[in-house]
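These notes concern the structure reproduced below.
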Amino acid sequence: MTEKLIQEDIEHEEYTINMGPQHPSTHGVLRLVVSLKGEIVERVEPHCGYIHRGIEKMCEKLTYPQIIHLTDRLDYLSAHMNNHAVCLCVENALEIEVPERVRYIRTIMDELARIASHELWWCSFGMDLGGLTCFFYGLRDREKILDIFEETCGARLLLSYNTPGGVMYDLHPDFQKRVKEFIVYFRKKIKEYDDLLTGNVIMQQRTKGIGFLSKEDAISYGVTGPSGRGSGFSCDVRKHRPYGMYHKTDFKEILRYEGDTFARYIVRMDEMRESMNIIEQLIDNLPEGDFAVKMKPIIRLPEGEYYQSIEAARGEFGVYIISDGNKTPVRVKFRSPNFCNLSALDLISRKQKIADLVAIGGSLDYVIPDIDR
Amino acid sequence: MNNEELKNRVLTLVPESIITENKQFLTVIVPPDKLHKLAEELRYSEDTVFDYLFCLSGVDLKDTLMVVYHLTSTVYYHDIVLKVNTTDRINPQFDTVSDIWRTADFNEREVYDFFGIKFNNHPDMRRIFLDETTIKGFPFRKDYVDKNIIER
Amino acid sequence: MNSITEYFTGIFKALKSLVTGMKVTGKYFFSPWAIVTQQYPENRKKLVMKDRFKGELVMPHNENNEHKCTGCGICQINCPNGTIEVIPGFITTDDGKKKRFIDQHIYHLGLCTFCALCVKTCPSGALSFSTEFEHAVYNRQKLTRTLNKEGSKLMKGVE
Amino acid sequence: MAFNIYDLTSFTQSIDKALYSVLPPFWAVATEMLIIGVAILAFYAVVGLYLVYAERKVCAFMQNRVGPNRVGPYGFFQTIADLIKLLFKELVHIKSADQLLFNLAPFIVICASFLAIAAIPFAKGLHAIDLNIGIFYVIAVSSTGVIGILLAGWSSNNKYSLIGAMRSGAQIVSYELSVGLSLITMVILSGSMQLSVIVENQANGWYIFKGHLPAIISFLVFLVASTAETNRGPFDLAEAESELTAGFHTEYSGIRFAFFFLAEYMNMFIVASIAATVFWGGWMPLHIGGWAAFNHIMDFIPPFIWYIGKTAVVIWIMMWFKWTFPRLRIDQLLSLEWKYLLPINLVNVLLMAFIVLMGWHF
């Protein structure tokens, strides 16, 4: 097929380059076959699968508590949300009501993970645009969240903190203090982010009007998360199918209607602020209670099909489990947000320049393990 | 539209379909040849507007191969699940819905890659993740055997 | 006329935004106390790991070389990756019953994903995670460890 | 042999005389050339290496990091170690590359920067050659570097390299104009193209203060345009590592890559020297009219230190740019030049000519 593409290119006087699998701006092992006319991108063809591990197939051999540690390895930046989705799916299937404290903990952790993920997005987006300093500032602040995670969950990236029926350990005694300190710290730093990158004239010119994705296309391509909300597609699962404590917290769904790269950028920046608001509402009202309900040693889901979606950092992450009543599922499907977001890349980067393709890729914020699964 | 109305609507459109209802979703098992027509009707009629296909999964239930479409509407926020299945494991074929929902483009390629289900009229029906040259067969099928897989 | 004013205000706005950005980096350039880098091998002495950090799986032994592992194998069943191999032995007690004990508790660090299911499900609390994180070795065989020490016994009172 | 740290003219001339007295004229010139060549080569290597070190340290501090700190105290020998590594590294042979051009390109790039150094006055009486068209010579010579970049991109038979080279060509051709025009503005003020004369004229005040607004504008324009001309961030489109991996030098390895790398830093040093010489008075100490005591103290600092200090400040500003701003896109790069810098520059030249004509400068 690629040979055919190259042949076509020669006929159309186009210029085919491979961006990736090893390329600084694809954020992983994604290969984009880009056809160029000079600097103009004529079409982009994503080739994925370089790190496909068959996690869905592996899940068919594992019990439900064991699946959770594999979901960490999908979108590793929103590992906690992925765990949350599986746990919710199992709990809903078993009709278990988790204690209120668990819901609080999960929601706070989700939002912290979202901030950490968006921070990493911000710094890598800055780096995609060529502002290398952003990368270090983003990582510096993300480190604070990872420290909080490490203290409570015992891991920094692949948390595996949720279990069906609750969480692994109770919160660390310092947790509330550390989170509050972080919010005070990060409110200062996010202003710095704005000074350094958001307001910058070069950055604005490089993102405004670039990579336009209309609302209809966003819905049709299933582009969710901040990328979809930048196009005005109201797709926040936290609002539409509330889980955790989101139905009791007061927060805005960040929507922008421009649909360009800058809109996607602003949505993520605002989401970080909104996440801090959510945490602030919850952190002082943590109820006392158990951190997990007692589960049976072997979890068997009743026969049937279960779907649960949650709002991961990059969009709607869904878990679809088909069970035949055994301790292992018949089929597990993960609805990966990045996979759908990637499918829109070709549409929105046509007739843009190479530099724009990099910026658009950065604004879609794909994490390759989640695409490849 | 609530589930009852949706049920009636689907039955008027495709009387052969089998409708079940579980806690979460209204599930419709559609005959494969009627799938595209039903999908188009559900997507484009004014009172259903199922414009968002949020999950497309292939399933192998040992004897049957199934494709599951989770649909929702961003206007009315009602959901429906469409299912098509076939017992033909040699050359399973369904109609594509990628002309209705663009997201189905990649997802159907994924299903083809793992389950070998071909989608008719798909613009670009080839494997998306796996290598055409080295991998024979369809690894997510229950009867797939690979000597490299070490059973624990 | 309007476009001319636009041209010049555009220049000044652009310059202003550039200067705001430069202020941030300039401020950090002149504040070396804001450096966050940790000098790793040098700070090993005072490096404090968080208590819950899942570094590697260990089986705590007390001063009499006793552990709590009964050799039931629940950790092995729960491990998703085949990281743990429990090799039990059987002894016949005085009253003629066959009793299971742990002969070797083998832990493949190279396969471990640190999901903590073994620690969580262990009925006697025999396993725990240590905060040791320096796992690099020259030989892959060294990553396979036997967790129960040579000649160790089951702690009294643990069944 | 009189060695006066404040005026090296007699020192250099005494060497000149001594050589002519013992050798026939041809060999005397040849020996002089050799001495100058070796001296500049040594200077080049040291400055190039330590600019890399400085860049790494500066960006580290701006990014809340420590920077190189393992080789030697504060990582002082890091870049030397890097150079040794690059020297021993394999020169990857590209089968389908145009061998002649591929090998030639790094030398063209490094020669261009090497030639430009010749005209720069480092201190009073310390320059290789004092051409009466010094500025013209520097502009002419330093722009030949782009040929090397174009050759490198073309000959390595790599699509990324080609895109990078073409970008670089478009970029340098356009920014050459702004560099030239902003220097012409100052040439109007000084009335000479000879760098030594330009420096001498600034004895009672630097041109950036003397020339009112036009001088400041032309300094800013020069700073931006010369950053672009040296292919440095935010104008590093030819390399653009997040887009084109490494741009024109993707296929180069070992010492050939080191040549490109050193040339980039030397170009930065050269444009910073020019900026320091033309706008900030080169090796001339800071003099403020009427402050006799202050001026006297300033005179005690040797000219070479003044020169290095001023150059370092300009280099630091250029590094500050690089580590703060995101990269421009190619069309924005060109529109910045043709829509903003060039018109401003043209008006500025007129303004400066008017000021000089009316005798309004100090």
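Letters A, B, C and D mark the chains as written, and numbering starts fresh at 1 in each.
The working rule: a contact is a pair of C-beta atoms (placed from the backbone, for glycine too) under 8 Å apart; a residue touches a chain by one contact, two chains touch by 3 or more.
If you're wondering where the values come from, they're calculated on a predicted model, not measured in any experiment.
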| item | value |
| --- | --- |
| Relative to subunit C, chain with the most remote C-alpha centre | D |
| Between C-D and A-B, the pair with more C-beta contacts | A-B |
| Subunit A and subunit C: spacing of chain centres that average the CA atoms, whole Å | 24 |
| CA centroid of subunit B to CA centroid of subunit C, Å | 41 |
| Centroid spacing, where centroids are CA-atom means, of subunit C and subunit D in whole angstrom | 51 |
| Residues of subunit A touching at least two other chains | 133, 140, 196-197, 200, 202 |
| Multi-partner residues of subunit D (at least 2 other chains) | 62-65, 323-325 |
| Per-residue overlap in subunit B, given as positions that touch at least 2 other chains | 152 |
| Arrangement of touching chains [line / ring / star / complete / other] | other |
| Pairs of chains, among all present, that meet the touch criterion | A-B, A-C, A-D, C-D |
| Residue ranges of subunit D touching subunit A (in the complex, touch as defined) | 59, 62-65, 159-160, 163, 167, 233-234, 236-237, 240-245, 323-332 |
| Touching residues (chain side subunit D, partner subunit C) in the complex | 58, 61-66, 69, 320-321, 323-325, 340 |
| Partner subunit A, residues of subunit C touching it in the complex | 13-14, 17-18, 20-21, 23-25, 36, 50, 52-54, 78, 80, 113-117, 120-121, 129 |
| Residues of subunit B that touch subunit A when the two form their complex | 22, 24-25, 27, 51-55, 57, 59-61, 68, 70, 74, 77, 101-103, 105-107, 110, 126-131, 139-140, 152 |
| Subunit A residues within the subunit C interface of the complex | 62-63, 65-66, 68-70, 133, 140, 143, 147, 150-155, 158, 160, 163, 168-169, 172, 192, 195-197, 199-202, 204, 297 |
